[in-house]
Amino acid sequence: MSEPAGEGKLFSFPDVDGLRRLHREKARNMVSKLMSAREAIDRFVHDGDYLGVGGFGTNRIPTALLHEVVRQRKKKLGFAGHTSTHDFQILVGGDCLDRVDCAYVVGLEARGLSANARRAFESGRIEATEWSNAALAWRYKAAAMGLPFLPARVMLGTDTYRYSAAKTIACPFTGETLLALPALAPDVALIHVHRCDEFGNAQIDGITVADLDLARAAKRVILSTEYLVPNDQIRERPHCTAIPYFLVDGVVVQRYGGYPGNMPYEYFSDEEHLKEWLKVEQDPGELEAFLQKYLYGLPDFQSYLELKGGEERMLQLRAEELLENRREGV
Amino acid sequence: MAEYTQMEMMICAAARQLEDGRTVVVGTGAPCAAAMLAQRLWAPNLMILFEAGGIGPLLPTMPISVGDSRTFHRAILAGSMNEIMEMCQRGLVDYTFLGAGQIDMHGNINSTMVGQDYRKPKVRFPGSGGANDLASLCWRTIVMTPQDTRRFVPKVDFVTTPGYLAGKGAREAAGLPPGTGPYKVITDLGIIGYPQESCRMEVESLHAGVTADTVRERTGFPMLFKEPLAETPPPTGEELRVLREEVDPYRYVIGR
Amino acid sequence: MSEPAGEGKLFSFPDVDGLRRLHREKARNMVSKLMSAREAIDRFVHDGDYLGVGGFGTNRIPTALLHEVVRQRKKKLGFAGHTSTHDFQILVGGDCLDRVDCAYVVGLEARGLSANARRAFESGRIEATEWSNAALAWRYKAAAMGLPFLPARVMLGTDTYRYSAAKTIACPFTGETLLALPALAPDVALIHVHRCDEFGNAQIDGITVADLDLARAAKRVILSTEYLVPNDQIRERPHCTAIPYFLVDGVVVQRYGGYPGNMPYEYFSDEEHLKEWLKVEQDPGELEAFLQKYLYGLPDFQSYLELKGGEERMLQLRAEELLENRREGV
Amino acid sequence: MAEYTQMEMMICAAARQLEDGRTVVVGTGAPCAAAMLAQRLWAPNLMILFEAGGIGPLLPTMPISVGDSRTFHRAILAGSMNEIMEMCQRGLVDYTFLGAGQIDMHGNINSTMVGQDYRKPKVRFPGSGGANDLASLCWRTIVMTPQDTRRFVPKVDFVTTPGYLAGKGAREAAGLPPGTGPYKVITDLGIIGYPQESCRMEVESLHAGVTADTVRERTGFPMLFKEPLAETPPPTGEELRVLREEVDPYRYVIGR
């Protein structure tokens, strides 16, 4: 019943016993992990690492951390592209990636396609392996569960399977053909949250996408956070903790750290700026100038926010998020 | 009779596929408009889901991303992608809407690449996203797409998302959950179904003013036609009013 | 590498395709499901059904629903015994069970062993299959994920495995031996929650044990709730919804519905009454009189609460829960 | 020197196994007291977990159940049983404490039944609970138990929970994660370890006043003794003070 294994390259082998040893070594002391984005990326992201990014493309993405990856010119990174949109655009803009597990890449949903990201694939510069969104989410899940693989019922019979690195197995109970998804444990996870304490105990409001599993799957975790809160506040409602401190290596406090993406309950996406980004990508020269202006030429993310209109613009986006400037449809 | 655009016709035709008390995973744009329209007119208990984690929101406006705040605004539950995908895998989701870069007569969809060499695509598209998952797991897949020979092709360059694969029985043989598969294709020309016996596209109705010849011209494979062939009822005044005034007052979708 | 399959009986075959058809049929209308415990148990629990019970033995257990199962003299039920303690004691007291997936049964943790539950096993009256706590939690998880099985790394090499209905498989990626756990989809789940609306949208404070997966795994779900809240309140914080309405068949409002167990943030366990229960079980005649007094002879759970001291006693247990009558240790 | 009970000796000996900055899954009673004692004296960063879902609570008092409110009082995280078990499976948990109805020289534990016929046990006990999971997945398993020939048997009636199974290498051969296994047994007589080469019990130290002969008399299999055999340092005044005044002021455990 089982099909040949997918032909795609497996960028991250599910060596659960190796991961166990690594997790065993990791310190569990509750110490402050507050640091700048610069320090966090410098210390925890190395050339060649495999990255996992939280949120959903333009929603609750760790933009401040992603900019810093580009600014520090990290190279040859691997990447898990599950509905990666603006996050992907940034990293490809910085030419940081050389291999990508693709579920959704090169697009920005209804906004259109990233010309620059397309060039990266069409030139063969980025090596790709295919998956689906659920497949990548379940691959994180497998690693978060401490398992080498998880079964699933998707991708079967398609070219998405053929160019993946998945396999098929027969269910030991029912005999039916199932997909087998290898665990995915990124070297580093970058996740933006609503609030956390200095140790890295974090809360997320709204959808969590795949971030609970991503934080548990990754070898190292860097959080950026809108708000820094005291540990007491976390302990008030322990069932609201999305990510516990002992998974976290660095905590970067950055208000509006998900801009120009949408941060639920905080600010809406800056569609104008996202459109601008898509537009300049049509021409490599224009893109280079654009990145120089907004990224390489700036010392930090805060300067980017200033350049994009600072607090005034952020308050507009906040009003939009809170539906203050439009009637309620329902 | 009211004037209407092709997009409005497509949205109304899609909305009419959705029954009350059922569940549908939608994306942004036209599918979301169709689900909202159905909800407001005859399916108040139609539960709308978004693959990023939103379940049963009271949509204040059309979302821009399937993961933006609107998709879980005053929702029943704001969860994870796994929550949605596992609901689909458990058989709890009746309908899903997809688009199509290329589609063949069995409803197989390509949204990954154009070209013959996966390692060096002529054109790279986003890939599956959640499409493969939703089409594998939801009971009925509805595709909304303009109809032309560039999209309706004899053979897709890459099967991103399973339709009936090689034909009847092929999904089950591959291990996909029995009883699932393509249900309708809603195009600017008409409504296409898949008769059980053949699992192959057959036009069920043409929109007003469209001829079978137009459909043939804009399809890259031999299209079948049901007999007798119906005319799609045009949008009603009430459908258009709700669509224009309540569902999409800023004309995000119907203004395209 | 793989061992022979466990010799235990598989009480619930993981027929995922059958479960899919069943879930397809289930109505998803948002209608009021408010009803009495009597009606809920009468309508949704049938002789021979397989039950899953939420909470953790003496913590957030659906006591009101369990009493009603006994009062209606439901028979030949199957049961998932993952740290089942007082819940198990009640059902065995009513002689409701004829088969049990055992991870933790017949004990009440440090309080001692249930003499009556032991007799039920030692006489052979209850058919048993062995598992571990995690195994049963993951079996729910498998069903909640819509999968026929999940791999795991427990039970291997032991008699717990030998007398289970698990199997072993080789990992398709690493080759290592893994446990294969068949999905467990109970016919009915009984779960006690802090608050829910009339449709069944429920919130749980504190640990969730295995209840999120249990609710998603079960064919039918009956909730009992401390508080009934308006749907608006659920929609205020959609990321706090533990169980969405469309999984739920019946909603029973019962303040103190987890007594004599502990309901986090609401009331502590009544250790005296639990001790009394253990004591009378030493003698079958005494137990019969005890059950007559507290259960069969009473029309409903409210009468039981009255008999046990009513609001006054409940307020004592509330003070104990809120640590109002002892100094804070930390 | 202060007077102390055997239970106090056991709790102090157990506490000393726990280092700062490590993780331990505990049950109620003596193991919980040991972890709290270590936390207060030398391991402020020892993180305590309970299998029902509590992570890092500020324990206001000894819990009665491993799932009661105390186990997640002002905790870092109040989650699910899977959250804990999956942490263990990922290799994040260093220590676990278990009790034992019967235990053999390789640390295999029976907490399921006495008798030879599983279908009709002479005595039925609770079964694994989380013990099998924790002993399979945590790096080091510590057993706390009174020592007598009823418990320390040549062959357990039922291997509920894996020790080293048939001996060195057997855990790995069965598929259990490499590098895990029994670490110490803390009894009322002494502290027992498992030398790497044999994976078989060997007494490392005897509590004050206990002789090797007593240990032999109260063990149902030939016990090995390390040479030279140490004496367990008795509880210090500070250990006893903190244990009695802060950890267990109501004498729930030490009063037994």
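As written, the chains take the letters A, B, C and D, and residue 1 is the first residue of each chain.
In this section, contacts are C-beta pairs under 8 Å (C-beta built on N, C-alpha and C of every residue); 3 or more make two chains touch, one makes a residue touch a chain.
Keep in mind the model is a prediction, meaning the values are calculated, not measured.
Chain pair with the larger contact count among B-C and A-B is A-B, by C-beta pairs in contact. Remark: chain B and chain C have CA centroids separated by 40 Å (rounded to whole angstrom).
Chain centres here are Cα means. That of chain C falls 28 Å from that of chain D. The distance from the centre of chain A to the centre of chain C, with each centre set as the mean of the Cα atoms, comes to 37 Å. Those residues of chain C in touch with two or more other chains are numbered 16-17, 146-147, 152-153, 176, 178, 206-208, 238-239.
The multi-chain contact residues of chain D, meaning those touching 2 or more other chains, are 54, 58, 72, 74, 78-79, 82, 89, 137, 177.
Interchain contacts give a graph that is no line, ring or star and is not complete, per the touch definition above.
The part of chain B that touches chain A in the complex is made up of residues 27-29, 51-54, 58-61, 64-69, 71-72, 74, 78-82, 85, 89, 108, 112, 118-133, 136-137, 158-162, 165, 170-171, 173-177, 246, 249. The touching residues of chain C, when paired with chain A in their complex, are 10, 13-17, 146-153, 167, 169, 171-174, 176, 178, 180, 182, 204-208, 237-240. Residues of chain C touching chain D in their complex: 1, 3, 55-59, 81-83, 85, 102-107, 109-111, 113, 117-118, 121-122, 124, 128, 130-135, 137-138, 141, 152-160, 163, 168, 176-179, 206-213, 262, 264-265, 268-269, 271, 321, 323, 326, 328-330. By the touch criterion given at the top, residues 16-17, 19-24, 26-30, 143-147, 201, 216, 234-236, 238-239, 241, 244-246 of chain C touch chain B in their complex.
Chain D contributes residues 20-23, 45, 47, 54-58, 72, 74-79, 82, 86, 88-92, 94, 137, 139, 177-179 to its touches with chain A in the complex.
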